[in-house]
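Both complexes below contain subunit A, partnered by subunit B and then by subunit C.
Moving on to the complex of A and B:
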């Protein structure tokens, strides 16, 4: 190999540069934000489904509700506890979880997802 | 461990009997009945929502004070923005002259009662809606109760429906409604319980589908009744006893562009 030394040094430097961000940030993972509950949400204790389901599957639930409401006109949901909810992100969900920045946005930003719900659905006004 | 011949015959015989008595038998004797029974009843099945507009009462009131109560309330509760520019105008319910409303009906000697007078227009919720036929994504469709519904989630903004609608009932969002001029929309969004629309979708009157679901009548009809004009009537054409059927039975009614065969469900009593 001609100029073997230079190539190997170059490769090592290149690899080092490539890995540097990973090495720099190693062991410093940002903690996942905890969604914060409003007093009203805390008081209610139960959501439309249990917490575990809501954290992992709320997007599927909202997607399904959206189709059921708009396309089939089924606007009410009866929970296993027998409570009836009006299926609406804007009216039902956000009335309890009125702290969108703390409850929705923090986690969405952390996960790097940008749901386009808010292009049309109006988020409640929050106090600074 | 093998199955004896006797046992095998027994099992197969039973299976045949079960098969005959199960779903297969139903399908043989009454095809489709199982599937029909398993489907939930569609919304407002057997209904045919319609509107009857008493033009005389409406024009009388407009003559007096330029009433546009129905338009105001509709556009308020549905967060319809005002861009202050006719090219970007968004309208669910609006006014147009007699000649423009009924272009195939006017002659040289039209009655002064209607000549150039403003009529109230909205989506006709046609029985044969051309907008539904041309929509490539089924973002607009006809519900079983007659409402021509709009699903903004699915709309791709191709505007075929606007080209298809012969009544100009559909409006395109050229911009984000929340960026409409503030001086024209001081307290926008006016209804915090109804969404706005994003840039690039088509919108129109939905006969207040969100209110129908709660058993309420459309907001424009309610507003008209509130000011005691009662020019707008809403009801079920499939019900012989309904108010709209009663009105149509005793008055002569016209519809917009009936020659196109779209079968509008908005009637005008002249």
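Moving on to the complex of A and C:
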């Protein structure tokens, strides 16, 4: 092999980089996030839309709410079940999900999302 | 092959590749097959295939240097030479390789030959042509950033560089104002740039007649495959969302060899996963293997030191030669009879043989 040593070293570096997820995670126990509901949410039983929709698309809902409130002044939302909610991040979502760190952040930390909403909106005060 | 047929053929193949997981998951619920088996197989094909290709290249002899005409080579100390374009040692080679791999120097040199008829006669022009280089750079770097951003699915805890990339990539927060309707504040620039660059590269192929003429399905297919991959990704991020926390659980399962397929992941994810599996499995067999091949380009990675070092051809083997002296020895008498000039006269030969006593 011409320059065999260099080629092998290069190959190992390349493979190492591409296999890094295997090496990085080796032996680590990871656990999926478990967002916890507050007693208040448990009592309500349902979210503002069905659970599957909320899990996957809550950021889209919030985005739409914000646009509708701020740009069109439409402050009320009717859920598929016919319940009416005040469109608000702080007053609606986080009244029910007042355990932000154990609910929203549980998933967000796992996925590495840091919504910048809290630069302006006020996160609920949590005990402990 | 006619370019319309090539495009149709590649388009149909990519459509089938989209339909396979779609039908497989939506109709037959083969989630384990498409979520675990296919990705593992694809990774195996990729890694074994790439190693085999690189070892294969490594085993082929590269006895000689291939100086390109891009720069003056080193000769006499007082003649200025091009240290990077035509390096004489390893340092220059490393810099040349960095330029090649990171900045696509060879593509940057691209020119276009143009034949024009002017009023006073025909004219040949070498035009400055940087669009290919620009689009290629845009495509490759966008792809790299997108690939690295995906490490938020591959690693737990998420390494810091992913956050930095996400911040930089989404810093315009395009979702807030100009393109509301994309439903998230941080619309990633690389998503848009990737699709733009791919579209340009495709249009360029069919727009320039010479490029169109030399394009084969092997050129269109990877373009379409990556376009489809990008499209499913964009759909999944901005429109048809899936539960990406479950997706991360699936990905981590693959990388820790404890595969699981969580409930409730949308079909679009399986299409995306199947397309990337096909892409990586296709790598070692196609032009995409230039990902490894670029490092082994002999015109780029060998110092131009032919004047200082002797390089020996390994194919040189002892050829049986029949020199003129031997020839004359054999046919001298016949040559003399035929009146042909000979170098040694026969008397001399006799004298010599008497001296050495070899012949009677």
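One rule holds in what follows: the second predicted complex is superposed on the first by the 103 of 128 C-alpha atoms of A that agree within 3 Å, B and C clash if a C-alpha of one lies under 4 Å from a C-alpha of the other, contacts with A are read in each partner's own complex, and residues count from 1 in each chain.
Methods note: a residue touches a chain if its C-beta (ideal position, glycine included) is under 8 Å from a C-beta of that chain, and two chains touch if they have at least 3 such contacts.
Remember, predicted model here, so these are calculated numbers, not experimental data.
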Exercise. In the superposed arrangement, which partner chain does A:55 touch: subunit B (first), subunit C (second), both, or neither?
Worked result: second
Exercise. Who does A:24 touch here: subunit B (first), subunit C (second), both, or neither?
Worked result: second
Exercise. Touch check for A:1: first (subunit B), second (subunit C), both, or neither?
Worked result: second
For this session: Considering only the touch criterion stated at the top, classify A:111 as touching first (subunit B), second (subunit C), both, or neither.
Result: second
Exercise. Is A:45 contacted by the first partner subunit B, the second partner subunit C, both or neither?
Worked result: neither
For this session: Classify the contacts of A:70 with the two partner chains as first (subunit B alone), second (subunit C alone), both, or neither.
Result: first
Exercise. What's your read, subunit B or subunit C touching more residues of subunit A?
Worked result: C
For this session: Answer with first, second, both or neither: which of subunit B and subunit C does A:119 touch in the superposed model?
Result: first
Exercise. For A:91, is the partner it touches subunit B (first), subunit C (second), both, or none of the two (neither)?
Worked result: first
Exercise. Considering each complex separately, which residues of subunit A are in contact with subunit B in the first and with subunit C in the second?
Worked result: 116
Problem set entry | subunit A-touching residues of subunit B, taken from the complex the two chains share | 42-44, 141, 143, 149, 151-153, 176, 189, 192-198, 209-210, 213-214
Exercise. Which residues, counting only subunit A, touch subunit B once they are in their complex?
Worked result: 66, 70-75, 88, 90-91, 116, 119-122, 124
Exercise. So in the complex, which bits of subunit A are touching subunit C?
Worked result: 1-4, 7-8, 10-11, 14-15, 18-19, 21-22, 24-26, 28, 30, 32-33, 52, 55-57, 59-60, 63-64, 67, 107, 110-112, 114-116
For this session: Could you please specify the touching residues of subunit C with respect to subunit A in the complex?
Result: 47, 50-51, 54-55, 57-59, 61-63, 151-152, 154-156, 158-159, 162-163, 166, 175, 180, 183-185, 241-246, 248-249, 252, 255-256, 262, 264, 266, 292, 295-296
